[in-house]
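Below, chain A partners chain B and then partners chain C, in two separate complexes.
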Partner chain A sequence: MSKRPTFILDDQEVPFEPGQTVLQAALAAGRYIPHLCYHPEFRPHGSCKVCTARVDGRMMAACTTPASPGINVESETEELNDLRRMLVQMLFAEGNHFCPSCEASGNCVLQALGYDLGVLTAGFRHMFPVRPVDASHPDILLDFNRCVLCELCVRASNEVDGKGVFALSGRGIDKHLVVNAESNQLADTDIALDDKAMEVCPVGVILKKRVGFAVPIGERRYDRAPISAQALADAPRSPEHKK
Partner chain B sequence: MSAAPPRKLKVATTSLAGCFGCHMSLLDIDERLFPLLDKIQFDRSPLTDIKHCGKCDIGIIEGGVCNAENVRVLQEFRANCRILVAIGACAVTGGLPAQRNHLDLGLCLQEVYETEPSLSKGCIPDDPELPLPLDKVHPLHEVVKVDYFIPGCPPSADAIWSFLTDLIAGRTPRLGHGLISYD
Partner chain C sequence: MSNAALASWDNAGDEGRVLATLDRWRNDPTHLVQVLREVQEHLGWLPPPALSLVARKLVLPLAAVRGVAGFYAFLHTDPAGRYQVLFSDNITDRMQGSERLMESFCSQLWVEPGKVSEDGLVRVDRTSCTGLCDQGPGLLVNGWAIPGASPERLAVVRELILENRPLEDWPHELFEIADNVRRRHVLLGSDLRPGEAVRAALERAAAVGRELAANERSWREGIPGDSQGPLAVLREIELSGLRGRGGAGFTTGAKWSACRAAPAHTRYVVCNADEGEPGTFKDRVLLSSHADLLFDGMTVAAFCVGASEGLLYLRGEYRYLLESLEAVLERRRAAGLLGHNVLGRNGFDFDIRIHVGAGSYVCGEESALLESMEGRRGIPRNRPPYPVTAGYLGQPTIVNNVETLCAAALVAVHGGEWFRSMGTPRSSGTKILSVAGDCARPGLYEYPFGVTVAEVLADCGAERTLAVQVSGPSGHCIDAGEFDRRIAFEDLPTAGAFTIFDDSRDMFEVARNYVDFFVHESCGFCTPCRVGTSILQGIMAKIGRGRGSLHEIEEMTRLNQVLQMSAHCGLGHTACNPVVDTLKRFRPAFERRLQSLRFAPDFDLDGALAAARRATGRDDPGAYLEQET
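On to the complex of A and B.
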């Protein structure tokens, strides 16, 4: 058996490698903790707080909390899932999310989290902010209405593409996504269709033009299996937990 | 002597600012309508054309609230129905009609009635018979208390069937993977 150190997640032992966070170790062991801004290929960011768990009695973001021997992590509790539902509802209310007319529908992490957590209603008064789309680029559309400020595009463009096309600007409720061009127009950046930034957006902001409904609704990623199952399938798995 | 059959539940339905897609989805439960009709009886509904809602067990409402008439009908349903169900994206979140919410209502009406080429001598309708539009489109729960929500545009027939069979049997309805959908 493994001699690796372990911690406790919802009353069960989870082995980990030094350097892993609670979320990484949990996913590697085949245990799902709901999350939105975390992506296995990027440095954890800790901004959305959907992965919040109770670590030795304190609320912590599981994606940025280092795994350490013997800590007691509670995740699958009614209290935490209530908080996660509220976070999802707040993200819906502060943007403009019209799923029936969104081409990301069915491939969308925010929506799939809502399904998994059983979010049936907005819960908050919608803010209906004014966020005009940027259709300046010949091949790429930006619909800021759906941005959840996860910074995955920022991380991908900086760390993988080496271009720094995207950034977040402003604070609090005024925080928003901007592109790196004096004109503020995507057409004036050096973004390209095969950039990593083109594929990481968990919602329907960064879209390739003219491919909208290539996969019909009903056959899309989260139509096929719930996000909890898909996240485990995507996670790098420890050898002893590989099926 | 056989016991009297259980009382049928009274169900009222209506469409506010909706497209009737949710009612079509209700009809899409197809032959399962027959066992359903053994258990329920429709009161006010576009299917019966009864104009006002009587005392009911369940009220099912599609569409959001976009004008004064919608508010009145919604309040009548709330006053008369024990359980009120918001069905479909419009009733749950305002849906596509709420896409006008970040625009100015006056400009929307001008755009439609004064600049649309097919209405060459267009003017904004102001007949007193017409219900006054609200500044914003609202989901139902911003106006009255709602007991259950079935999202979807429209929810699938299976989602509606599963919800209604649970509710009628006295179970708390739950929509699992594949039945809960926002599109």
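On to the complex of A and C.
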């Protein structure tokens, strides 16, 4: 078997399969690059920009940049982690995130990223948008206050469920989620509890009713291990990197 | 849904119109934006039953259709009033008094900006630059452009609205738009006959002695060595050194060669006539008075790269040009300049279709433009792949600016050497500048590249000039110390905007207007631009209220870094430029507004108690907070 091509990530060689992006190859090789809108089961999106890295001197989103032989990727630098902290602060500023009262606390990617990157202050002036909750569905609650517009639910509903329950409307700072009903109420869509779209929300927007706090805070996903470790555990790994 | 909305949907008539529109676009979901725009032209807005019908017929989720409708500024999913009056809000419109005009217009009509009048008659709002800076303030009424707004002209508009007169009956004089060409060179002065460039290209190809008769599959498949004809023309384009006139300045020859070389089922030539950069209006004039030159250029491009379809993306603000452009296309079809076997050349099939935009600046970004043409929200794509290999419908596509394609037509006639003899070593040919702002003679000026800013200022009669914004807000702002700089890719690159500010202008307000523009036009895809531009706007507002401090200045520098480093497209990369440039050159315009050079809270604690004082009738010293400043 011929040797797999490689590129350099923070001074170390990372092998990759043709077709992989820098982030995919890094995760498969057990190397973490912070990210939010990327999910191993969906086509890379490139919107949150948390995975921004310096690729041969140019700033690129690692999730959408194709891996290619010999490129030099810098990720674990103070400059880039500073940038990531500011992007996370921007997302906190944009929505209404009251973590202590959130059902997703401890399971939330935004919160976990904040901890992992050492975000200690608000950073930016919060915007406190008015985003009404959609509680119309008997079993599901949508709390748009926490939406980070990653489009994971949109991708899941389109690509896996084949339902198109979610879409984005508006633009700029007015961009927001809409649902597939003339009334724009979730109750009038054909969403189901076992839809893929129910699982993927990285924050606390799409919630099942009546199961809140089933797992107590302190024992949740990112309470047990930081997101950097969890992301590697989730990544499709090549055999030589499986522990 | 409100009763009013239901009432405005008349089942028999409206449904028929929507179905007819859908039919005309062959129920093809990639034409969604065109369908929505035309449905709205009939109904005045996009009522829910119309969206549902469109979604059903195009087999798209309703949510996706609403997502598209909600993206474009000119598409309305709420009743928008029988007349929608939009005041152009570029800084030059403001300098010409647009804000006061809009205010008095609203008060005379008894309406609040942005809200439909009680009787559903009219809604008045602002829109981004309408490309009428040389004859502003500009106006759009139900999408139709009116230049030179003045109290008198607005009084006429008001009467027409109050009389409920259909737009077709409005006096034509209101809608007359001048070219204002002040300085012609090879392009604006061109007197080529329609088709002359296409003919010249075919002759050039024939002259290489390899006329391919019969079915010329080879050049369509883009196998270079086997297709000497088109290659001879492409070589002239390469030789000319022509670089894109739309901003980035990419070498046109290289772009065309790459597209030609890419394996394809079909290839496309796209003309980017989105011209959204505030302060530019050159494409408007080329489209209205030199359309044949442009279509010649597109046809030459098609011949070079082996494309069979052309698309013109016309910005919504230039909707009024659609019929005349269609008429030119029709005339060209009749003359054999478009269609099957162009000018009798076997196998050379090429036709052009027009796609009308619906109000979005990002759609000028080439990959967002393709998304929009495919019926989606205008979000810039991830790259690679680039459009030259996977563009419109995934096929190799060249996207070029209007002026670039016109210049290419000239090259086809006069040759690359001729073109190269004009301009500077790295910027050959001429450049059309859209001159506006504080000068005696705003309009179009065409110069060979290399002209100095000072020469342009002298020609257009600018006096006491404080600053020039070259290439609009995404370009650069320069001050008097730099007026000897040259317009050229080597020094000051430009897409064409040349906006002049004299010493009576407040550069802080200029920068603020540009920031508002970026906030309004950010597509919202990526975090840094979506949130960052909005934060920047908040900071500018705070400084504007006289509550800023040095902290805010530093914050803006930090935001600039975030956007430069991580924004997804050029809009985000350049969104802080106006502030950064203005801060560098006109810092006092900011500093005299700062409350303190240290920290200043935005919140006025004592002011917040005013209501309580009023309510309790207190006005003694104890009812006031002492404030530290």
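Going forward, the second predicted complex is superposed on the first by the 241 of 243 C-alpha atoms of A that agree within 3 Å, B and C clash if a C-alpha of one lies under 4 Å from a C-alpha of the other, contacts with A are read in each partner's own complex, and residues count from 1 in each chain.
Throughout what follows, a contact is a pair of C-beta atoms (placed from the backbone, for glycine too) under 8 Å apart; a residue touches a chain by one contact, two chains touch by 3 or more.
Everything numeric here is computed off the predicted structure, so don't read it as measured data.
J.: Which of the two partners, first being chain B and second being chain C, lies in contact with A:A181: first, second, both, or neither?
T.: A:A181 sits against chain C, while chain B stays out of touch.
J.: Can A:P226 be said to touch chain B (first), chain C (second), both, or neither?
T.: first
J.: Quick one: is A:A214 in contact with chain B, with chain C, with both, or with neither? Answer first, second, both or neither.
T.: Neither chain B nor chain C is touched by A:A214.
J.: Just chain B (first), just chain C (second), both, or neither: which does A:A122 touch?
T.: Touch partner of A:A122: chain B, not chain C.
J.: Determine, under the contact definition given at the top, whether A:C48 touches first (chain B), second (chain C), both, or neither.
T.: Only chain C; A:C48 stays clear of chain B.
J.: In the superposed arrangement, does A:V130 touch chain B (first), chain C (second), both or neither?
T.: After superposing on A, A:V130 lies in contact with chain B but is clear of chain C.
J.: Counting residues of chain A in contact, which comes out ahead: chain B or chain C?
T.: Looking at chain B versus chain C, the one contacting more residues of chain A is C.
J.: Residues on chain A in contact with chain B in one complex and with chain C in the other?
T.: 125
J.: Can you check the complex and tell me which residues of chain B touch chain A?
T.: By the definition above, chain B touches chain A via 86, 89, 92-96, 98-99, 101-102, 136, 139, 141-142, 146, 148-151, 153, 174-175, 177-178, 180-183.
J.: In their complex, what parts of chain C are in touch with chain A?
T.: Answer in residue numbers: 1, 48, 51-52, 60-64, 66-67, 69-71, 360, 377, 382, 384, 519-528, 530-535, 538, 558, 561-562, 564-568, 602.
J.: Tell me, which parts of chain A touch chain B in their complex?
T.: Against chain B, the touching part of chain A is residues 92, 96, 98-102, 105-106, 111, 114-116, 118, 120-122, 125-126, 128-130, 217, 223, 225-226.
J.: What part of chain A is in contact with chain C in the complex they form?
T.: Residue list for chain A touching chain C: 44, 46-50, 52, 59, 61, 64, 66, 83, 86-87, 90-91, 93-94, 124-125, 127, 149, 158, 163-175, 178-184.
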